[in-house]
Structure formats: C-alpha cells, structure tokens
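Every chain is named by a letter (A, B and C) in the order it is written, and numbering of its residues begins at 1.
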Amino acid sequence: MTSVTNAPVPARVVLNQADIDRALTRIAHEILEANKGSKDLVLLGIPRRGYPLAVRLAHKIAAADPTVDANAIVGQLDVTMFRDDLSHQPTRPPYPTQLPRTGIDNKVVVLIDDVLYSGRTIRAALDAIIDFGRPRIVRLAVLIDRGHRELPIRADHVGKNLPTSSTEKVRVRLEETDTAADGSVVNEVVIEGGA
Amino acid sequence: MAENNGTYLIRGASILGAGAEDLLISNGVIAARGAAAAAHKDAHGATVIEAAGLVALPGMVDVHTHLREPGREDAETVETGTRAAALGGFTAVHAMANSNPVADTAGVVEQVHSLGRAAGWVDVRPVGAVTVGLAGEQLAELGAMADSRAQVRMFSDDGLCVHDPVLMRRALEYVKAFDGVVAQHAQEPRLTAGAQMNEGAVSAVLGLTGWPAVAEESIIARDVLLAQHVNSRLHVCHVSTAGSVEIIRWAKERGINVTAEVTPHHLLLTDDLVRSYNPVYKVNPPLRTDADVQALRAGLADGTIDVVGTDHAPHPSEHKECEWAQAAMGMTGLETALSVVQHTMIETGLMTWADFSRVTSTAAAQIGRVTDQGRPLDAGEPANIILVDPAARWTVDPAKMATMGRNSPFAGLELPGQVVATFYKGHPTVLDGKLNTPYRESAAAAAGAS
Amino acid sequence: MKHLLSTEDLSLSNAIRILDTAEEMAAVGDREVKKLPALRGRTVVNLFFEDSTRTRISFEAAAKRLSADVINFAAKGSSVSKGESLKDTAQTLAAMGADAVVIRHWASGAPHRLAATDWIDAAVINAGDGTHEHPTQALLDAFTMRRHWSKLAGSASIGADLKGMRVAIAGDVLHSRVARSNVWLLRTLGAEVTLVAPPTLLPIGVEHWPCKVSYNMDDTLAHGVDAVMMLRVQGERMNASFFPSTREYSRRWGFDDNRLRALDSLGLKDTIIMHPGPMNRGLEISSAAADSPRSTVLAQVRNGVSVRMATLYLLLSGETREPAATPGTAASNAAHSTKESN
C-alpha cells in the first residue's frame, strides 16, 4: 500500500466533460420518467461533490420541464454527523444542510452523490433525512457506481458503472469544487492507482 | 571499601581550582599538603586516591536544609537527607526548625542533633525556631537551645516570616547574648495571602495569585534597619529578587551586619516554567524573572549575597501530583546544588572555584558559627574535603537520588560537575561518586588512638 | 486539536473551525429533531469541582444532542476540605472509559494537569479553571459577536473573523477567567479590545496583554465601541478593599441607565451589551441595559450549546487514539479512505 502512494500515481480519465454532461442529461430524463413528471421532486446533493451535481441535474430537469424552478427543488444534505465511521477518520467539520423551502415531507427526494462505493454514505444520508422529515419516496442517483458494497443499497440512476479494484481510487473533479493542477477548469472522472 | 587505618593520600588534586597538589588525610585532619604529603610518615600504607583533573574543595556547608524529621518521616529522615547531603558534597547542614514538633526547645534540637551524629554522614546543625511553634507570637527559649548539646547559633521560623516588627527586634537583640543569628524568611504575610507564584507578566496570564517582590523586599528593608538599630546579626534566607539584592548591597555599604543566601534554583530557573502548571516548580519564595536571576548571580559574584543555601525541601509525591494550588511548596536541592552553581556561576565566568568554596563553605560555616568547617585546605585543618570532577556531565534523574523527595525541578537537565569523594572528619562518606560508609566516632577514636 | 485548555494557544484556523462548526450545530437546534448521532457510544464526563449549574447543563445539552453518554461527576472539594485527589478521580474516570472530560475547577491550571499527566487519556475540555481561562465562554461570546458583526457587514458568518470590531470588557479583570479567554481569542480573531476596570481589579502585568486598558468607562464609550461586555463582580471582592463601595463601583464602572442612553446619544446604534451571567442587576449592569434590545445575554446562552457541541464534536469525532487492531476494521478503514468525495 505504501509503495503505491509513494510511486507516481498512474491515472486514466474514464469520463471527460462531455461524458459527464451526457450522463447527467440521461439521469435527468430518467428521474422525470421514473417520477412521471416533476411533481414533488426534490434533489438533495451530498457534500461535497454531490451538491454541484444536484444543481446541474436540477437545471437539466428545468430545461426539460419549463414549469420547474431549478433553485426551488435543489438542496444540500450533510451526512457527516450521521456517519458510522467518524471515529476511524480524521475529524471533518460538517457542511451546512440546506433544504428547499418546501421541505421534504411527502416529497420525492432524490439523493445525489458522485461515487457510490461501500454504501455507508447513503445509509448515513437516509438517517439524516429522517431527522428532517418524512419523504414519500427516496431515490438515489450517482455519477459513478464503482461496486464493493458493504450494505444492501443500490442506486436507481447511475451515470456509469465502473468496475474497480479496491486498491484503486476514483476521483471526481468538478469545476464547482476543484481546479486542475495548472489552474484550469476541470470536469472529469479519473481512476488512480491499482495493481 | 576495605578497612584501613583512616589515612588517605590524595594525589594531584587541583586545590580550590589552582595548581595540583597532594593532600594527606590522617586522624581526621589534613596531615600535610603538597610535596610534604607523600613524604609524611603517615603516607606509608595510606589509601591512594588519584585525583588528577579533580578539584579539591572544603566540604560544603548548607545553611538551609529541611530534613523533615521529626514528624514528616514520609518526606525525609535525617538518615536519608544526610546521605543526599554527603553525595552532594556537603559535610554540614543546618536543619530547619519547621519539623513536627517544631524545633523550638532544647529537647527537639538535641534530638535532631543526635540523629545527625548517629547517621554520621554530615554534621547536622539544628536551627532553632525563633517563636514558639513558629506561631510568630512569643519567643522560643533561644538561650536554652544555644546552651544545649546542639549548640544552636542560627534561629529561624523559616517557612514563615517573623513579621511582627517588635518580635523581630527582640529576637535580633536577644541572640546577641550567645552570638546567634536570626535567619529571616522574608515574606510579608498580608501581601502574599493565597500567593501561588511570582506576581508579574506570567501570573497575569495564568490566573495564579501573585507573590509580589515587594513582599520580600519590604521585610528585608525593615530587618536590615532593625539589625542596624540594635546592632545585631541578620541573615536573609533565599533572596529571590533584584530589589532584595539592591537593598542588601545598600545595607552592607552602610556597615550593617547582614548576610544573605540564594538558592541554586533561583540562580537558574524562572517563572516561565510555571506555564506548565507542573507543581515541581512551586516553591517559596517563588521562581522569579530572568532579570532577577541575573541580579542574583551578580550579587553572589560580587559578595552582596554571601552564600548558597539549598532550601532542600523534599515532599512525598502526592503533595506534588495534584493541582498547582493544592501542591506543597519546595524543591529538593542537596544533590544538584554543586552542579547548578558550577553551571550558573563558574561556567558563565562569574566565579572561580575559590569563590565557590567561599559561598558554599567558608562563609556558610561562619554564618552558622561552625568552627571546624569551611576551613582552608592546609596542614592541621580538619579534613572536611570534597573532590569534584568538573568535566563530568550528568542528567538529573530524581528516581536515582538518595533523598526521598522526587521533586527536583532539574529533572532531565544535563548538568556539569560530579562529587567524586566527600571526606567528613577525615572519613570518606562518598567514594567514586557513591555512598561509602558513615563516619563513626568510636572508629575514629580508635583510629586516632592507634 | 486534542484538548481545549485555553484560547491563548488556540490558532486562528482552529478558532474559525470551531465557530463555523458551531454555526452548523446551531442549525440543529432549530430542527424538530435536535439530536445528531455523531458521538454515539462516546462517553463525556462533566467533572465539576466547583458548582456551576449553567455551564454544566450547557455542556450536558451539547453532549446529549450529539448522542454521547453523559456522566455528571460533582467532585466537590475546596482547598480547605480536600476531597478525593484529582489524580485518583482522573484515574477512576479513565477506568470508566471516559472519552472526554469537561472539567470545571476552582484551581487555575487543573485542566492542564489532566491533559499533561498520564492519569487519563481523554480529551480534556476546560469549562473554567480558577482565575485562568474559560475558553468555551470566550468562543460563545465570539460566536455571538461574529453573527452580529457579519450581519452589520451584510456577509455570511462562516469563515469570518472579527477584524476591526471594537470590544470593551469591563469589570473585575483580575479575577476573571472570562476576560482572559476573551482577550486572547479576540486578539486572534482581529478585534480591538479595551479593558475597563478600576486599577485594583487589573492584574500586574496587564501592560503586556494585546489590548488597551482604560480606567474610564465613559471615555471608552465616547471613543466608540461595537460590543460592551460586562463582567460579574464577585461578592467576596466587596469587602476586600478592591473598591470603596458597590455604589461607587456601579457609578464608575457599571453599565447603568445613563450609559445606556449615552450609546444612543453617541450614535452607537449597533453596539451590543454582553454579559456571561449570572448578572448582578443594579451592580455591574442595570436592568434596563440587561433587558434592552442591545442585550445579547440570552443569545449567549443559546450559542453556548452550539459552541460546546462544536467543541465536543471536533475533539471526539476524529480517529480514536488507539488504532483498530482487528484486520477487518483496518481493511474497511483503507476502503473508506480511497473515496474522498463523500
């Protein structure tokens, strides 16, 4: 393990900007289809990178359905305090939770995250949601599903299934949260490391 | 150590840091010095101690030791405390009076004195209390203690200040009758109610009640004037502030009969250490500022301060393993005094080894009127001698000390200088840096008769 | 950050981190479910050697909102009547598996002793020690000031400091752990502090502190001030010649009705009046001042819970001190660390 971190990390781009955009467009349409329209839809992004993805999805939904106000259906759900691995990780300060003004009671909440892996983040998110209200339905949309689940959780909408080894790292870089090493705008999904 | 006839030939020791000479110890005295030593009739069959590179000094005399016995044998006993003293290079200690019962009667001082003789490691000189029970109200029977077998000459309520000016005046006057001296613990009690540390920049931050310098200086100023007025002899214990040095310097310039002492810890440590809240740094008077440390060193070097006194104050660990405010005040010092003074005064170029022998032995013996100590290392003088390796360096480890107290503020510090041998009345109590055997009067008498 | 012992050694980044986290915790207080599972299974001991119901229940509420188990341990013991020693108490708490000790003690430095010795290996939070420090009080004060200051500036509190804010702290500075903690923290956050007190109630050495000192309340107000913090006058000072009488004290140093009116006439419409409580109404602060819209007294109490939640969370949620020994747990650690994006 240590030799991996010390050696120059081999990285390959698995999704570029256009791939990400296409995947989100598809997910947006899937969400509308599954919900039979935009009624009661709330998109909750999980910090950090789930939130900008939720915002992007909201705009795509609004583009498809002009009755939708993108800003009114999107929110951020921090799950830090609900994680079951807090004591195994360096301390992380929580992010704000911001719900849409309409709340989440009786809504169709779609949780948005960048990478689905063990499933523990989503479990924490389900706990967090319960403390804020009682949605009618909770769905899950992720940009990447890399496998290796540790809990019985699956995504309803997946941008790309990406079989990985557990020694690899999947890095999602978005222009809202990240900058490339040279300071340029970046939107990509990269796999680092691996045997 | 094998038995011998009590004769030792010390070869090539640097006498008070000067040229290398031989010393012959025989029958408890220095039989010969220099070329005469090896040629002396007693030199044949003497145990030879090669002392090249070692400094020979008169045995150190501590004017300020707390031996805790009687009453606090869980903290120290005369036996353990004097073992520590011998290892530290002392051949005499003045045992402070704040035992339990207080050393305020002939009975108690004689008890301490005889415990010291029985132990045999150093000359234990009891200090008598100035007031009954250290209560500061009524003079103790100073004359009875002076006339006792303990021959008390130094009187002190140390730990507490004789703050009543009338009582202090009477004490100073009264001890003139037997050439005594009052050793004052200068601490104005009202100005130091609840005091925890030096009052200044550090106490302000730490929120610990301050012990202001003026509480020491105002008492010293009063007492030197009283000593002048009644023409008596005053000794000031553990001077800790630059202002105190100034006042004593002024008093000496006016011819007032005052002597003063400084502890090794006040020559090295400052109140910055209290930031740790570690009670090992809690002491009375408290650690002061760097400016005070520098003034104390200068005062000791120029003779304003006459002597180094350890204020050796052992405490059981539970009195230090607690909150700062709960902790007892005091530090051990007998086994580190020589090294700290070498470090702060000699290695800084402020003093020579000859000066060292003045402030640790000669002047101290004179203050306590200990006539057979602090003498020159000349033929015919009592053989109270130490051999010191000034080049040695060691790291202070309180767990390895002979004192029962583990409260050394120097723990972990690397210090110079090691006591290689201590001769008390011609007998080696310490050899090769280790405890040897105590001095036995009968054995010495037998050796003298042979 | 393993302990919170003082604000003197609290870095700017850690201070901001606590205040920002407290903002998130404050949001929890507004929710229907005021509880987070973050510290489930952790044990917080409130170790109080000195009575302070206010501080204890504030810490208790904070710990419980984070789902920690709370043990209240009132170890009364004064310098006069020694109770069980701090060492024995600490070792007892260690044996009980305390993860954090919130300690209130009448002796300055007692929390430092717990943190520096091997008596107990728990996070130590200073809940007020002697006349030394009271860091969570200063943090809740700073939190209150920062919300006010950001609102005036029309910007978000998150990430903000107190640059340029003028704060007067008035009263018994000598014996006040609140004043000390505030002076250091406000310095770190960039505020300008003026201590206002009778000379008898300022420590020798205050000239080295990063603040101004004034003996005159009215001058200080006239120079302009954005927050005035009144310190409690302890009953035992009154007969110890620190000041001639309570009447003279409140006239010269108290925040009375005249000074409340002076804020208006001086055009200081946004100046807030703070007090750590409990107040001596009519002595250091008048009822009109305490109850005026400028008073932040109750907001301070509310914010105390948020700041203490933040402190407990930041000290206790991190990696446990002993790394997990079982291979299974170690593997799952590695797995989690490979996904940074959550």
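Convention: a residue touches a chain if its C-beta (ideal position, glycine included) is under 8 Å from a C-beta of that chain, and two chains touch if they have at least 3 such contacts.
Everything numeric in this text was worked out from a predicted model, so none of it was measured.
K.L.:
With chains as vertices and touches as edges, which is it: line, ring, star, complete or other?
P.N.:
Topology of the interface graph: linear, an open chain of contacts.
K.L.:
Which chain has its Cα centroid closest to the overall Cα centroid?
P.N.:
C
K.L.:
Using the average of all C-alpha atoms in each chain as its centre, how far is it in Å between chain A and chain C?
P.N.:
Comparing mean C-alpha positions, chain C is 38 Å from chain A.
K.L.:
List the centre-to-centre spacing of chain B and chain C in whole Å, with centres computed as mean CA coordinates.
P.N.:
Roughly 47 Å, centre to centre.
K.L.:
Find the geometric centre of each of chain A and chain B from their Cα atoms only, then give the gap between the two centres in Å, rounded to an integer.
P.N.:
Chain centroid spacing, chain A to chain B, equals 75 Å.
K.L.:
Can you check the complex and tell me which residues of chain A touch chain C?
P.N.:
Residue positions touching the partner: 1, 46, 48-49, 78-83, 85-97, 113-115, 117-118, 120-121, 127, 130-132, 148, 150, 166-172.
K.L.:
Please output the residues of chain C touching chain B within their complex, sorted ascending.
P.N.:
Counting only chain C, the residues touching chain B are 8, 79, 82, 85-87, 105-110, 112-113, 116-117, 129-133, 177, 180, 203-206, 208-209.
K.L.:
Would you pull the chain B residues touching chain C in the complex into a rising list?
P.N.:
Within the complex, chain B touches chain C at residues 196, 199-210, 212, 276-278, 318, 321-326.
K.L.:
For the complex, give me every residue of chain C touching chain A.
P.N.:
17, 20-21, 23-25, 27, 31-33, 35-38, 42, 66, 158, 313-314, 317-320, 324, 329, 332-342
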